[in-house]
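Naming follows writing order (A, B, C and D), and every chain is counted from residue 1.
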Amino acid sequence: MPIDKIVPTLEAAVAGIGDGMTIMISGFGFAGVPNDLIEAVLKLGAKDLTVISNNAGTGTEGLAALMGSGRVRRIICSYPRSKGSDKFDARYAAGEIELELVPQGTLSERMRAAAAGIGAFYCPTGVGTELAAGKEVRTIEGRDYVLEMPLRADVALVQAQKADRWGNLTYSKSARNFGPVMAMAADLTIVQAKEIVPLDAMDPETIMTQSIFVDRVVHVDNDREWDI
Amino acid sequence: MSTAMTADSFTRLTRRQLAWCAAQAIPDGSYVNLGIGVPTLCANVMPADREIVLHSENGVLGFGPAPAAGAEDCDLINASKEYITMRPGGAFFMHTDAFVMIRGGHIDLALLGAFEVSGTGDLANWTTGDRRFPPGVGGAMDLAVGAKAIWVLTEHTTKKGEPKIVDTCKYPLTAAGVVRKIFTDLAEIDVSPDGLVVRAMVEGLTQEALQAMTQPPIRLADDCRVMAAPAG
Amino acid sequence: MSTAMTADSFTRLTRRQLAWCAAQAIPDGSYVNLGIGVPTLCANVMPADREIVLHSENGVLGFGPAPAAGAEDCDLINASKEYITMRPGGAFFMHTDAFVMIRGGHIDLALLGAFEVSGTGDLANWTTGDRRFPPGVGGAMDLAVGAKAIWVLTEHTTKKGEPKIVDTCKYPLTAAGVVRKIFTDLAEIDVSPDGLVVRAMVEGLTQEALQAMTQPPIRLADDCRVMAAPAG
Amino acid sequence: MPIDKIVPTLEAAVAGIGDGMTIMISGFGFAGVPNDLIEAVLKLGAKDLTVISNNAGTGTEGLAALMGSGRVRRIICSYPRSKGSDKFDARYAAGEIELELVPQGTLSERMRAAAAGIGAFYCPTGVGTELAAGKEVRTIEGRDYVLEMPLRADVALVQAQKADRWGNLTYSKSARNFGPVMAMAADLTIVQAKEIVPLDAMDPETIMTQSIFVDRVVHVDNDREWDI
């Protein structure tokens, strides 16, 4: 039977996302954020979520709407506060969202460790700072490192440029950012792609996320202007 | 069942037939790594009505059978360094990423060769311990700990006729307790928590004869089938 | 040199001029990360006669200046989430690989903003410790430990007129002892093992006046230059 | 001044490779091996080398010639013995080459750790086997891992398909194999490329080794038949 990971609707794409889950959300700033999938998760009503994303959203829609919804218990990110991150800022100030701040490179490396079956790794970033407080420190060849643990998720929501029915993906410019590593680090990887292409349309040399990492693909190509 | 067995009362499968039997057992839609040796032959005998995505640790996903003579591409080989072809949907990537797929638990099934397999699924397939010859581990240990399931494809006995399915591996282990299923040129055997269960045997082979070539106790599944494959 | 200094005896550089001064100091052929804030402005004022490859932690290498109005691409931004353009030879890659470049010591130079820098090169640029506002670290700590050299680009004093170059950082550190050079809107200062050495100052500024705005002792280089940049 | 990493000759490409150095050599089987660079290293005469490569060469040329030359003190690899690896086999049997056998995934992950500034990592591969003998074992969330150290090199010799003057690279099919990770893990990365293309010829989306990792590029496009 042909492998077909393409689902017809956003609703079908996010089916099964439930209370208490950990969700990775791709994007850096406004580039590469799967806004339609986030909105579908909001409609689904799942709550008590842990979100792993580099930022915490700006404006009133997409990631910001999720942050403001009261459904996110905790966010793991590197840079939550930006101009316009009012939704998150308010919840944070009110003590309604727990924040785990992780250096950006450590954040992506922890995801990769989860994806690659690495049990833990020694990382030079943050040694001696507040962000490494309480972490095991080890000196290796004269340099200090902190022990960092893998970061996995139940679900990854990823925005891509092109996808085929196996789930092979390409991205657009700096919208690639966290997409590939999140796709690898989650149990269930859900993709919104601007274009669906035939299985033989992608050059095997230039696929950036291989089909093995992708579970569901939904086609989203609207001209909607998001307030993000 | 106490009739004397003669050497020619059954016929061993060829390597290609053994590969065929294993290939037909792979679930539709699986992502499957083919290890060095007999496993790589599976790519040539995959069931036509299923879409199974083949992985090779040298950075290839979604490959197909060997090319026609004259159509070989020096840059397109499998883990056994044999020429392959690509299927639509396939992808190339670097070695490190191939092992992200393996070690990270993304591969549904790995088919591996073996020097020895124990009745509890221990696998020895990287060295005989003979210090005159360099050992070679390749990706075997990574696959053994990383793939969601491990099947072994091997001749049932050594060239000297000794069992390769043993009580305890005498060769150094690749990994302990990882093998779930064994395809040999004589039988298909599940490694179950209750011991070895024969799911299929070649025509004319008896349990006694198979047991004589297998160290740990075996028992036949209630629905034990005849193991057969197209000639070739 | 004991003449009274008046507030208008010198003119602070604009942010763009500060970026320009730093950009002119970057060695030809360098791979350079531009951090959030003033550093990202450098991309717009790079010296035309040098080939310098700019890196952004969101997966971009070899970018150029901001696009013309109307030519912005939502998928093409820098670490400050500002629109950029690409130069021939540029490349895109995922975040994890951007930080392989950073943490692995492949970046020749990182230009970073700062809340505070100490006289021994300690850097504080990720949190003021004010618990009402969420802190943001971004890639600052990775760059601070990974880049081969760190320069800081910052206003010389806070909005309240207090020194940002201090004896001891009162804000939580990003990394200790990593800053090699500081470009401010008043001066270019080397962080040397012997203390802060002023390589250049804006026209009309005196050592005394600069010292009054700088906590650790400063001394002028023998060849201390006038720090100037094109208007704008 | 324009960045120009292209050197005119193989001799210029390998200049400076000296006695006692550690050299990574790309390739898997016969695919992606930089045979011309290896030959140039042989001509250069550097000795007492440590070679890091997945295999140990077959036939009489390329990697096999290097193995047979008496200039290699030690090889770090996953699979030295193949049909035709006589040159290595003989040196090994005679005790003239030291072998560090590393599982293939651990080999490439150790290179990546060196490239990425990771101090060490916990790896599930090989736990309880001879290849993990003497290594620190740690149980993390109920699973055992062995501590693996980064693997770097003084020099990497890499075979690529296309290169530009900045050193951006693409590869051909499964000849990519260890090329990208070795290029990242060595102090000096030397590339032999089948095609040299203008700086604007490569699509920035599909560059597989970014210029930052490459030091020298030499154009090698001969039809030579190697005995490998």
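Keep in mind that, in the parts below, contacts are C-beta pairs under 8 Å (C-beta built on N, C-alpha and C of every residue); 3 or more make two chains touch, one makes a residue touch a chain.
As the structure is a computational prediction, the values presented were derived from the model and not from experiment.
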* Structure fact -> Note: chains that touch chain A and chain B both are D
* Structure fact -> Counting C-beta pairs in contact for C-D and for A-C, the higher total belongs to A-C
* Could you work out which chain's C-alpha centre is the most distant one from the centre of chain D? => C
* If you average the CA atoms of chain A and of chain D, how many Å lie between those two points? -> 33
* **Mean-CA-position distance for chain D and chain C (Å)** => 37
* Distance from chain C to chain B - Cα centre to Cα centre, in angstrom -> 58
* Structure fact -> Separation of the C-alpha centres, chain A versus chain C, in whole Å, is 30
* Contacts with two or more other chains, residues of chain B listed in rising order -> 86, 92-93, 99, 102-103, 145-146
* Structure fact -> Among all residues of chain D, those touching at least two other chains are 109, 112, 116-118, 123-124, 171-173, 204-205, 208
* Asked: Chain contact graph: line, ring, star, complete or other?
  -> other
* Can you name every chain pair that touches? -> A-B, A-C, A-D, B-D, C-D
* To do: Using the touch definition up top, name the residues of chain B that touch chain A in the complex.
  => 28-29, 31, 49-51, 53, 55, 61-62, 86, 88-93, 97, 99-107, 145-146
* Asked: Given the complex with chain B, which residues does chain A contribute to the contact?
  -> 1-3, 112, 114-118, 164-166, 168, 184, 198-200, 202, 204-205, 207, 210-213
* Structure fact -> Given the complex, residues on chain A that touch chain C span 28-32, 54, 56, 78-82, 88-89, 92-93, 99, 101-106, 108-109, 111-112, 123-131, 171-181, 208
* Of all residues in chain A, those that touch chain D in their complex -> 109, 113, 116-124, 138, 140-141, 143, 145, 149, 170-173, 203-206, 208
* Asked: In the complex of these two chains, what residues of chain C are touching chain A?
  -> 56-60, 73-77, 81, 86, 92-96, 98-99, 102-103, 127, 132-142, 145-146, 172-176
